[in-house]
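Can you keep this structure in mind? I'll have questions shortly.
Chain nomenclature is as follows: A, B, C, D, E and F, assigned in order of appearance, with residue numbering initiated at 1 for each chain independently.
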Amino acid sequence: MRSVFIGRFQPIHLGHMHTIKQILNKGEDLVIIIGSAQYSHTPNNPFTGGERVMLIKRAIMDEGLPLDRIDIIPIPDININPLWIAHLKSYVPYFEKAYTHNVLVQRLMRDSGIKIDETTLLERSAYSANHVRDLIRWNNEEWTTLVPPGVVKMMKKYKWDERIKEVGNNTTKR
Amino acid sequence: MRSVFIGRFQPIHLGHMHTIKQILNKGEDLVIIIGSAQYSHTPNNPFTGGERVMLIKRAIMDEGLPLDRIDIIPIPDININPLWIAHLKSYVPYFEKAYTHNVLVQRLMRDSGIKIDETTLLERSAYSANHVRDLIRWNNEEWTTLVPPGVVKMMKKYKWDERIKEVGNNTTKR
Amino acid sequence: MRSVFIGRFQPIHLGHMHTIKQILNKGEDLVIIIGSAQYSHTPNNPFTGGERVMLIKRAIMDEGLPLDRIDIIPIPDININPLWIAHLKSYVPYFEKAYTHNVLVQRLMRDSGIKIDETTLLERSAYSANHVRDLIRWNNEEWTTLVPPGVVKMMKKYKWDERIKEVGNNTTKR
Amino acid sequence: MRSVFIGRFQPIHLGHMHTIKQILNKGEDLVIIIGSAQYSHTPNNPFTGGERVMLIKRAIMDEGLPLDRIDIIPIPDININPLWIAHLKSYVPYFEKAYTHNVLVQRLMRDSGIKIDETTLLERSAYSANHVRDLIRWNNEEWTTLVPPGVVKMMKKYKWDERIKEVGNNTTKR
Amino acid sequence: MRSVFIGRFQPIHLGHMHTIKQILNKGEDLVIIIGSAQYSHTPNNPFTGGERVMLIKRAIMDEGLPLDRIDIIPIPDININPLWIAHLKSYVPYFEKAYTHNVLVQRLMRDSGIKIDETTLLERSAYSANHVRDLIRWNNEEWTTLVPPGVVKMMKKYKWDERIKEVGNNTTKR
Amino acid sequence: MRSVFIGRFQPIHLGHMHTIKQILNKGEDLVIIIGSAQYSHTPNNPFTGGERVMLIKRAIMDEGLPLDRIDIIPIPDININPLWIAHLKSYVPYFEKAYTHNVLVQRLMRDSGIKIDETTLLERSAYSANHVRDLIRWNNEEWTTLVPPGVVKMMKKYKWDERIKEVGNNTTKR
């Protein structure tokens, strides 16, 4: 039994990790799908797909999670809802079940005959990537308690926290 | 030091495995990049990006290769050469070196300041995905000696060899 | 003489029907053009192009309007204004005149040498698809008086009113 | 029960009409799907989607076929096989069955759980749009016996036969 | 030494001219890059790429600036930040330096190893294309003092000021 | 009176120059349109749009042609014929007449109401960019007599002749 967990992971935080561990603990194999993978350097999508792969891989290795049961797949957005499930399926290994708390994705999945499952959540207002990016913009170091330690380290090493600040107030290119 | 190895892997064969093992033996981390990932069901691209991830993962696990040092990333084609390196870089973890025997990719890489490295090759006429697909179309079971055993098994399980035959003589949709 | 009437028809309502009947009564053949046809499952575009064809066909058949003088053509958006008229013309039978109350479409049409004509309107604040969708979201059954009876029936049969509620408060996929 | 019949109809010929009539005679409603609708002025796609709607409408009206049971829908190509069925479904009314003699489309349909049905064919070497276009290029008037009389008339009225000759030997724009 | 100056020039104004002259006075050759070139007839992009070429050419010729040292290149947006620099570079002559006051473009340029330089600015609140378009919408003739005289003349000749008013309150096509 | 001359200019040669000079000698202003501008590093499109601007600018400056009467505009291909004229018009200054020897472009132009004009040609088999690229691939220095001297110099300076050889036998990326 293989499941998918869909997110943008900008960046991966402890709420994501909480979900990932629950799915693995049920004995399911897991594909972590990085959505909107072609975008970067925007307020909501600061990191490239590849940078997000780096952060996620670091987080799951630091936790000792089983790499043989996990795939990490970045997929680009196509922005056309009726094609989205077919698009997703073409990029990822066969799966039977999806985890998501988004009502639209749930409906699109169900309309395609894919089962939706659930996990318990950490407190959602804190454990959200949106909140993490806001804290970074406000120079509030509390963000470092919301993401895995290896993620903090990598973000500081590459100055990705600085990038979040730079692109934060600047939605248009010119 | 992280390197990339670029192919379409339609399907992965022993020549690919030979290259992958040489790179890992040098102590380099490796990103296996699956090109033309959005295509499937054509004579040259019979398998989806996700199906190719399945085959590659199976092959490297059967060989006991170190998953912590390997990423497998499907990326779509954009068909515009001057954007291709930037496109590639945005989907994959940071890398310093590329392996490819294609002259054009070598030039595009070098023009972007990326180092090109080399491995020894198995006999190229035999160990090519093109040849594997041809053997399957001719019902010649010799193809099963050119790809890893786990790949043979998975292709038969899902009847992917049948798909190669069906799409083989049929390049247009209608 | 053939004319076009352009809308998104999310869903078709009595205001649309009022316009359609006036054009036919003038003796003109009519192409009903469904814009933004590739989109669905969003707050402003809940239905697919094909679902909108079903609703429009039902409405014009229930009224006994002459099918030999009417074409219904869904066309995708291209989101580039200077190409829009050429795009439209390539998907629809030859036409000489356009009906629309939108100032931009009027200008684009006129700049291409296409005549703009007018019809009288039902009270616009009530007879708008936007208002119909809002009423459905508010569980206000008054919406059933603003669209043709056959449309009400089909929307309930397929639970499309439920879809409007589900996607209504959810503009992003994830 | 609604079925789809998929073609490019460049132009519609008596072989298409033979299939259309058989489907209607079984009591099924029919969606005639015009593929590759965005293209025109090429050797294989001389006519726009809209021009093909005109020809098909003319042919089915001349035969007195029931317009209330027929939809004609032009859809653009997306050139990505794993998305094609989802794309098709989003543009057309709900359907249960497909008619096509193309092996790839049959496989894509079946993989999506759509039933494939069949009709008898007129002699295929003669009744093909490719052959009709070739005859026109060779100034061989025999083509007028392979398409419905109303189609001949419309093609001559608009000089579309001339267009076939002009674009026939000229696959590139410049 | 060749530099690029990037803008949308909707329309070109005296602030742009001030920057252009400073760059030329330093002895650098200059490529004036017209961004978002595929768009027109929207509130923020009223003019086509070609119309903006006409206005810019007029302005630099009226000032007697050296055409042999200036290129004017319209480039379409691709809306994917990590590809933007590669896209830009593929459309324009080789350059070593970029002028822009936008923080994101600065970062994207620097990440690609391109030097950023600066010029002094005229008072930015007045000399902005946004402000010029607003004045036109408010029927405030003061806009004619913010753009070069030849630009005023050309905009009135072609009634482009009227277009700004028409598309100004109308962001959607339908 | 402004005219357009459309080509891919891979690279510009003396046949192109012959046409350009004839048009200017008639007293017409001229837009030199570089088609397929997004492509490079392929056998038929070795140079980027920007590199082709560099070569053309060099050639017309060396001949002392009047820059105030000439625009050079690279435009990307859209590969959809019915949109091509609208696409072209949106990127270039207003024009009344087009020069091209291609039958399809002539038809598309005429169908849009644009006048087609003609110039005399140098011997076409020799003065073709295709022939120039072939000579370079065959290491035949005769190519240097078919393009302007400044173009020869620039191509050697940047080793663009070498690029033609490298990409010449290599149509696919991988």
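By our rule, a contact is a pair of C-beta atoms (placed from the backbone, for glycine too) under 8 Å apart; a residue touches a chain by one contact, two chains touch by 3 or more.
Predicted model only: the values in this text are computed from it and were never measured.
**Student:** Going only through chains that touch each other, how many steps at minimum separate subunit A from subunit F?
**Tutor:** So the least number of steps between the two chains is 2.
**Student:** Provide the C-alpha centroid distance between subunit C and subunit E, rounded to the nearest whole angstrom.
**Tutor:** Centre separation, subunit C to subunit E: 38 Å.
**Student:** With chain centres taken as the means of their Cα atoms, state the distance from subunit B to subunit C in Å.
**Tutor:** Distance between chain centres, rounded to whole Å: 47 Å.
**Student:** Suppose each chain is reduced to the average of its Cα coordinates; what separation in Å results between subunit C and subunit D?
**Tutor:** Here subunit C and subunit D have centroids separated by 26 Å.
**Student:** So how far apart, in whole Å, are subunit A and subunit D when each is placed at the average of its C-alpha atoms?
**Tutor:** 44
**Student:** What parts of subunit D, by residue number, touch at least two of the other chains?
**Tutor:** Within subunit D, the residues that touch at least two other chains are 38, 40, 48, 80, 82, 89-90.
**Student:** Taking the top-of-page definition of touch, could you list the pairs of chains it picks out?
**Tutor:** In this structure, the chains touch in these pairs: A-B, A-C, A-D, A-E, B-D, B-E, B-F, C-D, C-E, C-F, D-F, E-F.
**Student:** Sort out for me which residues of subunit D touch subunit F in the complex.
**Tutor:** 38-42, 48, 163, 166-167, 170, 173-174
**Student:** For a test of understanding, state which residues of subunit F touch subunit C in their complex under the given definition.
**Tutor:** Answer in residue numbers: 80, 82-83, 85-87, 89-90.
**Student:** Spell out the residues on subunit D that touch subunit C in their complex, using ranges where they run on.
**Tutor:** 37-38, 40, 48-51, 53-54, 57, 61, 67-68, 71-74, 76, 89-94
**Student:** Can you check the complex and tell me which residues of subunit A touch subunit C?
**Tutor:** 6-8, 35-36, 77, 80-82, 84, 100, 102-105, 107-108
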